[in-house]
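In order of appearance the chains are A, B, C and D, and numbering begins at 1 in each one.
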């Protein structure tokens, strides 16, 4: 039996692996070109940023629940950080500080947490391992893509402090002109906004490097026998994401530069003439504010899928493993991801239904937007189908994956309301939107990531994470999350607008304050719960239970490598004979997994003879 | 039973979700009152239509999810069901949603056209005022009583702020402008929302079906005082509207001599007539 | 088991928050943590009696008849020549009238050939207690000729009207910047005049100007007692009819500002006390 | 082990949800006060705190004879619960000449004075009379008594009041239900409700720009091109009062809050209920008085006891300090009384009928002739409006270019050319072609601005200059016609 499983006799290799390549601390842990180390660096950075973004969010929540009361932590921290000091006001924040809170919350969470944790952390760590490559195609580029995160972080950080007292970008993460284009138009529209745009550019550069690398690696460096349709869905999702990024990002970068030049060099793209902003002199020029919105959303809508697809892929892999069952409809999964990516490029206009663009566009965008719900639906059904008839054991991974599916359903369904233009007339920029995208981005993506951290942690550190803490963290997060964001649907239906520092001066919202207090309490529970994740993560690195090569009895290539894999990943070059989801295969007895590298019957399995794929290709229906 | 905890758990929260939606209207966690305009009613109907479809899907998917989990945990077989999926199912659950989604989107179009496409505006929509959004208030310009609203300011125009009076029972339109940054003209009770885009004049029509006072808020981030842009639309009958314009005219031409000075309390009449 | 832990912690988190919410009552706009209170405060109780000596008021023994003070204020050394504020024909406003036939001199320091400094205010910041006096019959008036205020230093009584004149062919205005009264800003059309007054005495002279011709400046001291004087062109001043006693006088010049905060002068009954004070260039920031 | 870990982590996370820091808004000393030497500064601060309190503990100061509203009633019965009183008849009645204080509801924390009928009857009679001044005289004198604890009167604070059940529950200074020494028929008074509600609203709506102390330097203000008003000189620009009446009337402030100031960041609070706007007005006036008091104290002390003054005295520090102590002991009492009288007088003046500018004649019809006459005056030598506002009213007259003198500081020049107001900001003469009129666009508004100028700015009072029949109206007509000059043809 053990002969069949390379994982079994691996310990020997594992040891002398470490002996081999002696490299200095700096090049091993800091300026490392090893995709695993880079992935881990990304992971740590993003977890750090998760805390930052989270506390910003709590600041926002506090203001909404108890407006104009001395804000507990955030204001003090801001003071320490040389930011605003609301001493005379007794800690009561100012309205523009509130706008800065939610602006930076969104910016940090989107650009410094979700995108990097998916593409950066897991993409880097998993791609070579899963396709059986020893590293990325361009290791140095890979390293750079991480180190370009830091200028971005610095720029975002600077945007908090430059311009003196509480000057941070206050334009929302969408930074619509004119607000973001004219320096006088708002607090923080000064240097802060410029720094923010620089940060955005750096993030763009970083993920651009990443995406080029991923595409090349996935196309060129697959192990023998790893045909496209034998690739795990994770790899597919990363591949598609990389393509999305490569095509969408330049537009945003260009727009960013246009805005920069408009702000700094006096170019004129977005600001029309004759505006009197901050009671200054009338503006001159013939810009068009909607231009920015088109360019911005042309990136930022695909970006939503950049923030989602990798999670979908990873969840598919984890789900198949934890229910010990082949993924349900492998090829439809792939196609639907491709479809999402394709449609993702022609739906940006649904962010602009009320913006006064040509109503005809509104109709076309509505139809395309409705259509993009279709592949998502297909994926959901396939996940349910995957669980159907499986052997479910509820460990942390399972919980997070199921939560992913469940939350994604909600997020997807609430999207339909907004896709319908007339209904969106009412829901645009209300808390219904906030609920929607938090269900997709937090509910789906982050739960997926929590699962993925738990799942691949042993591969990173050779130790398991604590199940108990993991489940506790899941439980609290799940409760807190739904308690926080589900009521927001109701707020939205009640016409509660986004980005209001004190909504209760409007009589029709006064009665919503208790609900906001409830939401804030839940948000705090959720925030506190994340410390369990951090603690679990850090402690398990040192005290976690030792893990072998394949603690989950999974099929993927990465599980044939030692945990943690040494430099160059694999001790034996893996050869792939089948797809990654052959769980509970009747071909083997006594165990319910069949690794991609196992050769059962030479006659039946060619290495890379497409003709034979038909027999082993999981995509073909049985 | 312990191993059933999680399936139950995942069943439990959707039930809570459904319940919260069921009790929401009773708890006043719902729309700010019924739609006060014909268009708003259509929008609400569309909303409820989608709500039903969505609710069914939500329940369906979650029941399915719960079921497969439930079955999954006490799957006594030695191995899970070795299946790579079913072609027919895939076809089925691609076609069905596609149909529904297509239906939803096509069903909406005419409402959208009516709201935004100028040629589809209702008959006899008359412009009553020019509303200029600025940080952080709504500056309003009416034509003098009996005059038409001109595109450029006239010497006898009437000006006020944050308080848009309109006649009810017939479609009226405003010229929506922005003086500085982007704002959005949002009437929750009337289900009307339209961004005020700098450099553009956008006609917005709406019809208040009942007299009364409707909140006017800004729904596009316009700076630190975004939340401060509290206005109202005050719908009254034709004569009341005329009356209002005349009072406004009198107030605005007041020369300190010919009539009693408007004290604060009297200005307030325009603002606060009947807010108890 | 694990869920027990959770069940312990969730309420804990709730409790913490509820603690919070109660620590500040929930309605918006509260602002402060502690509730507002409007409390009452009685009249100020300040220790001491009105009759004790004060640095500025001076000690007065009302024995014998009043004396008088006459003095000169001299520039120590040779006074520098100040450039005119507006040279002939270069006025930025109304050149047809202002500085047409002559410079407009810089009056911030006017020193006579004898070295006397003009436009210096000498005054008691408070009238000595227990001494009656009556307000003067008429007040000096202020004129504006050739875009120059005349006089440049004006000594007024509080509560008495005084006249503003404009003898020019152009409109002028008088904008005042007092410390304890409220500033006014009145326009005077050519040849017109008006009356106005200051209600409260001022602790120190204050500047006034013409907003139309900003180089036009003059200084005013508003007093509620007769123990004040302005030096004339030769730097001489006179304070007649002052009760015997020891006084601390303020000496103020617009350039040197408070030259003396309380220079001591002793007045004997029925005698003229004469004083002479010298100030060097440094006192005037020259 | 895991259990302990997660408990530890949880505690580590507690600060995140930590309760309010307990910090409260506070009044800041003005720049001049900061210039005072330590001992003088202390006294000033102490005086201000004693006289005006802090934002969270406002003081109605009997020296400052101003009506901040008052509710009064008579005790029907004490109880049922400890610290509760039942009020007779209609419940609390407004005993105040003040417009805005009716139906204020936010009484929590306000001071309650319960006194035996004898000591208060006459004050009730008077305060029901029309003349606010007298009424408040009587009341404040009585307040002085209560504060100094004479007569059988007790002070508590409102915990809650329910108009329906007319049940008033009070607490003592420590916030615990008071053991009431109150009998049926005693008189109950709640002091300064307007001030208190005004403070709540101010902190919510106004503070971010105008600052807690009303110094126009709130956190948000730093970004504005047009700075928020600094109340501390008691001067506001747009008033209906005469040139020699320095303060705005209550109605002026009310209008500004209600209608906003177009062309600035001051938004319109049109939809705030009148009572609330009145309350805000009262609080703003009170803040202004506080600022003026500080200013007057400075004017008195800074001559001798500013940092630099002390620096260039030759006497040793302690001598100066003792000298100051003497001076303070000697003069503080009189001066402060006098200061507060001065500023009450100023503010009372502003509310008097006769001090409102009322044109002698009604508006001259805006005929072309009248407009032409107005243009002549505007551009001509008599009023010379053009020297600032420019020949075509674009606000670009020669004066805006040629001078850079700071007001009130002869010889001090700014590095920027322009005209300055008394707050040290550059003020552009209004560009009249834009049709935006900050102080209101009614003919009377513009008439008043021409007649008594814009307080605190170089815009001067032309009342005595344009004194011929209808001259000002001509200018008004011209000014109102400027925005349409080139469009008249099409009209």
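To be clear about the criterion, contacts are C-beta pairs under 8 Å (C-beta built on N, C-alpha and C of every residue); 3 or more make two chains touch, one makes a residue touch a chain.
Everything numeric in this text was worked out from a predicted model, so none of it was measured.
With contact taken as defined at the outset, chain A and chain B are each touched by D.
The chains in contact with chain A as well as with chain C are D.
Comparing chain pairs B-D and C-D, the larger number of C-beta contacts belongs to C-D.
Set against the Cα centre of chain D, the chain with the most distant centre is A.
Put simply, the C-alpha centre of chain B and that of chain D have 39 angstrom between them.
In terms of their C-alpha centroids, the spacing between chain C and chain D amounts to 25 Å.
The geometric centre of chain B is 61 Å away from that of chain C, both derived from CA atoms.
Separating the centre of chain A from that of chain D, both taken as means of CA atoms, is a distance of 52 Å. Within chain D, contacts with two or more other chains are made by residues 6, 10, 17-20, 22-25, 55, 203-205, 207-208, 220, 265. Among the residues of chain C, those touching two or more other chains are numbered 3, 5, 9, 13, 16-17, 20, 24, 28-33. Among all residues of chain A, those that touch two or more other chains are 67-70, 72, 89-90, 92, 94-96, 186-187, 278, 468, 472, 502, 505, 524, 528. Residue ranges on chain D touching chain C, taken from their complex, read 3, 6, 10, 14, 17-20, 22-25, 47, 50-51, 53, 55-63, 68, 108-111, 113, 143-144, 146-148, 155, 157, 191-193, 195-196, 199-201, 203-205, 207, 234-235, 243-244, 246-247, 295-296, 299-300, 303-304, 309, 313, 323, 326-334, 336-337, 342, 345-346, 381-384, 387, 398-399, 402-403, 405, 407-411, 419, 422, 453, 455-466.
Residue ranges of chain B in contact with chain D, taken from their complex: 135-137, 139, 152-155, 159, 161-163, 224-225, 228-232, 251-258, 261, 263-265, 267-268, 270-272, 275. Residue ranges on chain B touching chain A, taken from their complex, read 3, 5-6, 10, 13-14, 16-17, 20-21, 24, 28-32, 42-43, 46-47, 50-51, 53-54, 57-58, 61-62, 64-65, 68-69, 71-73, 75, 77, 79-87, 89-90, 93-94, 97-98, 101-102, 104-106, 108-109, 111-113, 115-117, 134-135, 178-182, 184, 186, 188-189, 191-195, 197-200, 202, 215, 217-228, 230.
Interface of chain A with chain D (complex): residues 55, 58, 67-70, 72-73, 76, 84, 86-92, 94-97, 164-166, 184, 186-187, 278-280, 466, 468-469, 472, 502, 505, 524, 527-528, 531-532, 534-535, 539.
On the chain D side of its complex with chain A, the touching residues are 2, 5-6, 8-10, 12-13, 15-28, 55, 203-205, 207-208, 211-213, 218-220, 222-226, 263-265.
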